[in-house]
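Next up, some structures in structure tokens.
The following pair of complexes shares a single chain, chain A, combined with chain B in the former and chain C in the latter.
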Partner chain A sequence: MIIDVPFIWTAFVEILKALPLTLLITTGPLLGGLLIGIAVAAVRINSVKIITPIANVYVSFFRGTPAILHIMVIYLGFPLFINKLASYYGWGFNANSIPIVVFVLIALSFTAGAYMSEIIRSGLLAVEKGQIEAAYAIGMNRFQSMKRIVFPQAFALSLPNLCNIFIGFLHTSSIAFIVSQKELNGAANIVASNNLKFLEAYIAAALIYWMLTMLIEGITALLERKLTVYNRGGVV
Partner chain B sequence: MGKAFDIELIFTSIPQLLSYLHITIWILIASLVIGSTLGLFIALPRIYKVPVLSQIAAVYISFMRGTPILIQLFLVFYGIPALLQLIHIDVSRMAPLVFVIITYSLSTAASFSEMMRGAINSVDKGQTEAAYSIGMSGKQTFTRIVLPQALVVAFPNFGNLVIGSLKDTSLAFTIGVMDMMGRGDTIIAATAHAVEVYIALAIIYYLVAIILEKFFVKSEQKLQKHDQPVHV
Partner chain C sequence: MIALTNIKKTFGDNTVLDGIDLVVKKGDVVTILGPSGSGKTTFLRCINFLEKADEGEVSIDQFTVQCQKPNRKDILTLRQKTTMVFQQYNLFKHKTVIENIMEGLVIVQKLPKEEAKQRSLDVLEKVGLAEKANAYPSQLSGGQQQRVGIARALALNPEVILFDEPTSALDPELVGEVLSVIRKIAEEGITMIIVTHEMSFAREVSNHVVFMDGGKIVEQGHPEDIFLNPKEDRTKQFFKRINPTHSPYSYIYEKTI
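What follows is the complex of A and B.
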């Protein structure tokens, strides 16, 4: 047999050490993307002149191009830009001193922002208009009705989409190995080439990703049951 | 080396990259055709709740949706030669393109089968009953009544799947396929300018994605014509 089964376990333990970086590259962009997404969704819902078309192009461009290109353009282009500024203003500072992971986080935040804005927008639009009217009718102001009525429901409605984007970005983080990040895939690559056991290392990495995905799905299912309590039918 | 950023290079590299677009499209079409055929056969045991087979299909789908495409690519690239070696077939000289198409087909099959399952379950049960009552067999009911309606339901999701796969093809170069990304690498090596080439690639991918999206929106309108209110 060519597959060295015990080595899968060795590789598993070795690759698992890269988990914190994968989690950083997954959650960092999602949080950054959430901020961008909220701003973009607000602009797109309230149609502001000039800014709304720009936001539309941003969303469609980042959703229409592969994430690897976002990473490459930011990773290669940002330092050029920063160095130019630095030499112009005479900062004693060079983009080479910035860790690569920062560029990955920036790039994927832009990617996540585009997807997040769509999730937020569809979540907000899915809340019935009558709910807002009812909130106004009982004397809530705009902020209160947003905070107490719209957001909780929009969040519950968006949960499946948020779960999907979380899993999507967990998987996207595997691209970071191309700019030599030692996350799960990068670690698998190193373990594989150090021991010349490629298949075993990637099986171990696949198992880790698979478990993480199932974990995320499990947590989402639990959360969903909690959050949609208000919406449950039945008599008890 | 000249300028740090040469905007002209973006425009000069686009035609060079476009001459490799057909490889990307070929990967996309081949994996979609193979993947959707395979996906339909994976969906069937789950819809008809065939014991054992439906559990195997569920695990397969969960695995394919639970691991990044990049990892799947490496698994196929190293795994298939290892498996075939067991039966003494040497595929070490096989083109990387074959492994890419296999990987994307397997991955598309998983997404496609979930999509079809949802669509088939959304077709009203009364349709099946009506088909049975006029004497159609199980197979006839499926191919003539349920499947056509399910395809219409699944169509918008299929559009997203195609555009998603298009973006995934950008990873094929990691196992040495000479597609647009691979050609981009050679231009970078020759000109020592990278950002410009990646911007050019982004423009091409974006345009292809827009064209596909427009095509799917138009086709969707055509497909759903029968559902629209009649104007007299």
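What follows is the complex of A and C.
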């Protein structure tokens, strides 16, 4: 078998058209997951009554099952649920009108939230207790001290791990192809089978993923430099 | 006036504070002395509820909080009337020196930013660190960090500043600069309660000395009386070991600050 090198470029250009969708189903769940993760971490750290056990089960379940199943379960189960609700309240609304990508975004947000909550929790615990006491001593309430003192530092401490999750979810987004989303991996499959040039198409897709990963690493490195200035003697 | 009445605190079976009463008048500089484990720091932390006493009552002027069942709002009000300087400085690491001082002014006291900045600079001038306004805590020496801690407490213009062993974490060379700053603000008539092991400093700076042991106040009074003519045996025993005039705890103040 001979590799058709020029075709790698052709495939590259063709696959790249799927980039917006991949970016959407990567960054969407990351943002959603960040919000869920912050909420869950805050709940678990403060041992809020009743909600904490629910949060524990959530984290345990979503970290204990593969992301592909989350997509399947939400994709198959959510419409049933919504249709039940719609008919009950007479909304005149059908789940079939919801684009599939929405289910993917919801499912992966839950997945990301479970992983991110643990990262954020470790970041929150790493902030010195003395600083929280100092915040209280100058008259701040719990919310102010969390928002002003604890979270900014916890976030900076969590950044390397969050970068890992970012990269992980870029690659996880490739499984959205299973519910016929034409993202990078899906596009590669289609280009490959249309032209019967599988190796070339997958090499092109791999190159795109790799380049994106390096871009993410670069961005987080920059962000980390900016956010942790205070820890490195203030030299920018 | 600050009045602490019958403060009691236990950790499990261990009684740390066994009914402490203390009255601090406006402008008083009170130092609390005593051996390790006597409950000095716990007592100080009970004043602003960083530690919740089991029993007793804390009042500042007309405002009184019952320790047994304090509500969150009362604790907050009490904390806004006091500030604390910590043994480990506890500066906000992600904020510059000036931001550390402004934080309470802007967020708690809701001062406009410009005014807060000006006041912070004034206070920073007072502790001799105006040129470090834009440095981060990690760029400062321990003594400088503690002076920022004092500035942060002072800027809020509280009813009382609580000092929790402010020089215990400093290396000996840096103790002097911090003590002279504390002495300087004491002379301005700011009410302070200081837990310390610096005997000669306590003797010089305070107008009231409290000697604690085993969770109780053993003896209190004017520094000269306590240091030179202690009445209780336990106090005598303590000062015999730590003679203020020949003590390794005495440091020379830097008069330049």
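Rule of thumb we're sticking to: the second predicted complex is superposed on the first by the 218 of 236 C-alpha atoms of A that agree within 3 Å, B and C clash if a C-alpha of one lies under 4 Å from a C-alpha of the other, contacts with A are read in each partner's own complex, and residues count from 1 in each chain.
Assume contacts are C-beta pairs under 8 Å (C-beta built on N, C-alpha and C of every residue); 3 or more make two chains touch, one makes a residue touch a chain.
Here the structure is a predicted model, which means the values were calculated and not measured.
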Contacts of A:152 with chain B and chain C, given as first, second, both or neither: second
Contacts of A:165 with chain B and chain C, given as first, second, both or neither: neither
Touching partner for A:40 - first (chain B), second (chain C), both, neither: neither
Partner chain in contact with A:131 - chain B first, chain C second, else both or neither: second
Which of chain B and chain C A:105 touches, first, second, both or neither: neither
Chain B versus chain C as contact partner of A:66, first or second or both or neither: first
Residue contacts with chain A in the superposition, chain B compared against chain C: B
Partner chain(s) touched by A:120 [first = chain B, second = chain C, both, neither]: neither
Shared chain A contacts, counted only where both chain B and chain C touch the same residue: none
Touch list for chain A against partner chain C, complex: 128, 130-131, 133-141, 144, 148-149, 152-153, 156, 229-234
For the chain B and chain A complex, residues of the former touching the latter: 4-5, 62-63, 65-72, 74-75, 78-79, 82, 85-86, 163, 167-168, 170-171, 174, 181, 194-195, 198-199, 201-202, 205-206, 209-210, 213
Chain A residues touching chain B - in the complex, by the definition given at the top: 1-3, 60-61, 63-70, 72-73, 76-77, 80, 83-84, 167, 170-175, 177-178, 185, 188, 198-199, 202-203, 205-206, 209-210, 212-214
Complex interface listing, chain C residues touching chain A: 48, 50, 72, 76, 79-80, 82-84, 86, 88, 90-95, 103-104, 107-109, 135-139, 152-153, 156, 162
